[in-house]
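Scrolling down, you'll hit the structures one after another.
Next come two complexes built around subunit A: one with subunit B, the other with subunit C.
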Partner chain A sequence: MDEKGAHSLEIIGFACSYCTFKASEMAGSLRMKYPDEVKLIQVPCSSRVDPAFVVKSIFEGADAVFVAGCHPGDCHFIKGNYFTRRKIAALKEMFDTFSMKDKLRLFWVSAAEARRFVEKVTNFCDEIKEAKNAGKRA
Partner chain B sequence: MKTGIFICHCGHNIKHTVDVGRVREYFSAFPHVALCRDYPFVCSEPGQDMIRESIEKQGLDRVVIASCTPSLHDDLFKDLLRKSRLNPFLLRRVGIREHCSWVGDDLERNTEKAIRLIRAGLYSAAHYVPLEEKQVEVTKSALVLGGGVSGLSAALFLSKMGLQVYLVEKEATLGGHVRSLRDIWPMKRDGEALIEEMEGELRARGTVEIFTSTTLSAFEGSFGNYRATLATPSGGRGVVAGGVIVAIGFTPFDARVKGELNYGRDERIMTTIDFERGAERLSLPDKPRVAILHCVGSRDEQVGRPYCSRICCINALRVGEAVKERYKDSYVECFYMDVRAHPRGGEEFFEETQEKGVLFTRGNIAEIVPGAKGLLLRGEDTLLGEVFEREFDLAVLSIGMGPATDARSLSSLLKITLDKDSFFLEAHVKLRPYDTAVKGIFIAGTCAGPKDTEEAISHGRASAVKLFGFLSPGYAMVDPFIAVVDGKRCSGCRMCERACVAKAIRYDEAKRIAQVEEAACMGCGLCNSTCPSSSIVLRGYVDRAIDDEIGALVEAI
Partner chain C sequence: MQAKELKDGALERALNLFLGSEGNLVLGFEKGDDGVRHRIFKGGLDRFSLFNPFFDVNGALYLRRLFSKNARIMLMLRPCEIRAYTELAKLSQIEREGITAVSVDCFGAVSSRDGIADLPTDAEGLRTYFAEPERMRAPCRACRERRGVVGDGGIRIDRNGVLRAFAYTEKGETFLSLLEGEAEESLPEMLLSEGPRPEPFQTDMEAFAKDFSPCVMCKNCRDQCPVCYCVDCLFNGDEYLPKGDALLNKILRTGSAAMPQGKEMFHLIRMFHVSQTCVGCGSCEEACPHQIPLTKYFKGVSERLQAKFSYMSGRDFEETIPYLTFLEDELKDAED
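Presenting the complex of A and B:
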């Protein structure tokens, strides 16, 4: 972490190969810009994301984590994302106990929604940045 | 372990916002990294030769290629590893173009991001093991959904190549919208005759089964062996198809949505389709005044159609020409935003209609008011910036194309994606325009976006050629990313069995452990993340690899 605080943010995103990762590829091809703090890990399906990965990311020092998959009903693996939704909801409860519910987010982005992907990650990054700065001032 | 890292400049695409030299230096000092090189185009012939030579000379056992996104050129690089006698699953692709150099402008920060991304790839590749691709037999048959021109042209090609074709049409007759066209521009052909010709040729072939008034009710399986259930008038029918071509066409824009145009409430207001079908039944005065409205249901955010439908300008021009030919002294005025006479010869046709006396006014029509004597059109001339009111005897609306009504339900059934306008999305705009993200499912014709007849026919044929290329070897290689059980650690809690969507996990009563049926496993990894002891793992995405990837992304540089 450097002093300016400009580089000190790391956000890890788990993106499913069939929807969100495809959207991120499209965002790249369209030369859309989003914060470089966001780094993706490709998983075959959002249901591959073990809640332990999220916890591990926070332990390792990530400031926030998001899990993103196909819209409900559109999962390539039929209903993997429903499992993800329940797991992440349970995990959020746990995070809430430690007052860090805001550090975890789940959202759906289809392969066509490059713009939505960029909006989602940019907003999430801004929120995390703001919360972090507020914490520093306090 | 000997890892080789190859960083691509992609010309200037990566180099201009990532300091490639610094990345190379950073990794050169890494333990287990035998060599780290950068190259202008890794995918080029000399680039490939360089990788191959390095693998053979240095005896590399892991290859990390940092270049474009992993889904591009994947087969090319896998083949390269095979040729270098290295297992293709020891390759790790890192996307530093779509995910780094193209999405950020700052050289410093992009370089740091690239280093982190490549490091994540490097750490995770350390856990890779050689995997064997499985060869599965494919059924040399194709399911074509939609019996319009593009579906027919796909079916014709596939059956000619000797494949069994199942052609499914939801209407009672084949041909779709083209059947009702009288005069297809620029061929000057009758739509019905064209369809009859294609259908006749198709029916003469023994390897084609045509289902009319039929819809797809269930769909499962994987590339090479898709199992589809068809709801035919005589009951359900199951077919096995190696691949699918989706050609379900379009829906014409319903002009009634734009209430201010009063379509459907007055006979003198008609669409281009109505005009095509019933122009001769019109009773117009000797010197008729005809208004033609472009872009009805196209380039219109208010009705949720922001795109250009490509065909409607030509249709509007054809109406103008037809009126001028029948009534020499007619007054024909087109109201346009921009004239986009799309296909070849379109611009010349635009010129011709102008010479024939069709007038063009750049403007939007706000309202059509039917009156006893005529239709009153109110609008704004956007070149002069003036509001006008004019009387006409007939108004023709050049309507655009919308997605097919069952596009959404079919996309859920086949698990293929729709774009923002509900047309089917191609896998890559330029490199894979006919493919979908699902292997063996192709899109053809207007269900993939507005097209004219000629384009729809060639699009159908192109998709058919692609599918034939996939099926012709008679076998396919399947990615070995399936779940495996560690028998020693499995406690037999059966959580994975309950979770598995594909029903690929079976409980072995004798051994009291879970077992995976390889052929049924889809490779989603749900079981892996459900297992309390991680004793069932998804090959290629094992826990340790992802754990290390996480660490590598946040670790200090």
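Presenting the complex of A and C:
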């Protein structure tokens, strides 16, 4: 992990194929740049993300994980993201118990919000980079 | 709430009356020569014990995947066991129809592997013995609900040491009707009260890794957990815990790895999966060959996660498990 050079950071993002993934595609077609460290995984709905996926990503070497879906109420499957909200809120509480709350984020990004997607992801990536560098210096 | 005072031997007579009918069963405790263990009684009671000062297995485990609609089973178990049964019934892992669950006040228990042979099995004796909490096993010390207030009915002890049977549901009233005496409405003060809510559990990955370093991945904790019920567990395949060729491939792809692989991941994922249903009975700890303090983590995390949704596992049949429902207007701060 450490000897990989420039791409020593890895962020896994689970993106709903109806909203966030579409937003990321639009960001691409609008020539907006978001950090190379972010690896998106397309899921049919954000509620498809079993918290086990998140924990597995962390243990397989990801520095941080985010789950992103449609805004509450806008789910293609009517109510999927309400379940996501409960599950990820609980998972955050668990991560907080183990003092690693900063490794998980939940975003709501609709298909039209390419700019919001880029902003959110870039900010998250910067935060993780900073935390990692601070850890190295300490 | 209806209640009946239990006179000497009244409960045994009532259960024997119940067992007199063809096909009726009682799941309770039997006082053997070397301790008290679970037993399914048929036909009549023999060396029945209402209390059990030893903890080995959570009795709800024996009820999992019991779907027969015409079974007539009476449970005489500890509150933690009835709570696990309640959770399993909510998850459609048990058919509730023929089962009457009666929870019995609990004073705590010692671990069955402590090697203590002689312990009292009567209420007064247990109360004096467990007056010193250090004698209890750790999960029992941290238990918040030792009262027999869950399930269809309960057997509780009042301040004068008199046993009383309570009915909480219709099935509980049927149980009550088997007992002698007149039902009363009055509620005397009970001996046991609800335990205090502990400080929110807080730890970090270093302490967690240190505590779990002796883990050998036998997965006994999963197999003995009453609420870890998936037939097709994530960890049975190669995706999460690669074995053989898959393991070799992973090592060649990533780098050297400590063995056994993925123990922290296994426990964290399991911790989340049982977070809303964990009753904190500590049968995982009982099953662990290396005596890892599992309950400290599993119960600590589940208390925090259940508190987030004001939920308590097994408290009520009508409460939905938080992950299976939602409110439209909640958790405004969930998004970052």
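Here, the second predicted complex is superposed on the first by the 132 of 138 C-alpha atoms of A that agree within 3 Å, B and C clash if a C-alpha of one lies under 4 Å from a C-alpha of the other, contacts with A are read in each partner's own complex, and residues count from 1 in each chain.
Following the convention adopted for this analysis, a contact is a pair of C-beta atoms (placed from the backbone, for glycine too) under 8 Å apart; a residue touches a chain by one contact, two chains touch by 3 or more.
Computed from a prediction, not measured in an experiment: that's the story for all the values here.
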First, second, both or neither for A:Ala27, with subunit B first and subunit C second: first
First (subunit B), second (subunit C), both or neither touched by A:Gly61: both
Partner chain(s) touched by A:Met94 [first = subunit B, second = subunit C, both, neither]: second
First (subunit B), second (subunit C), both or neither touched by A:Phe83: both
Touched partner set for A:Arg137, first subunit B, second subunit C, both or neither: neither
Which superposed partner A:Glu10 touches (first subunit B, second subunit C, both, neither): first
First (subunit B), second (subunit C), both or neither touched by A:Leu106: second
Contacts on subunit A seen with subunit B and repeated with subunit C across the two complexes: 51-52, 56, 60-61, 73, 79, 83, 87
Subunit A contact footprint on subunit C (complex, rising order): 200-205, 208, 234, 240, 254-255, 262, 264-265, 268-269, 271-273, 275-276, 300-301, 304-305, 308-309, 322-323, 326-328, 330-331, 334-336
List of subunit B residues in touch with subunit A within their complex: 69-71, 95, 97-100, 102-106, 109-110, 112-113, 116-117, 120, 411-412, 415, 417-420, 425, 429, 437-438, 481, 499, 501-502, 522-526, 528-530, 534, 538, 541, 543, 546-547, 549-551, 553-555
Interface residues, subunit A side, partner subunit C - complex: 1, 51-52, 55-56, 59-61, 66, 72-73, 79, 82-83, 85-94, 97-100, 105-108, 120, 124
Touching residues on subunit A, where the partner in the complex is subunit B: 7, 10, 12, 18-19, 22, 24-25, 27-29, 31-36, 39-45, 47-53, 56-57, 60-62, 73-80, 83, 87, 110-113
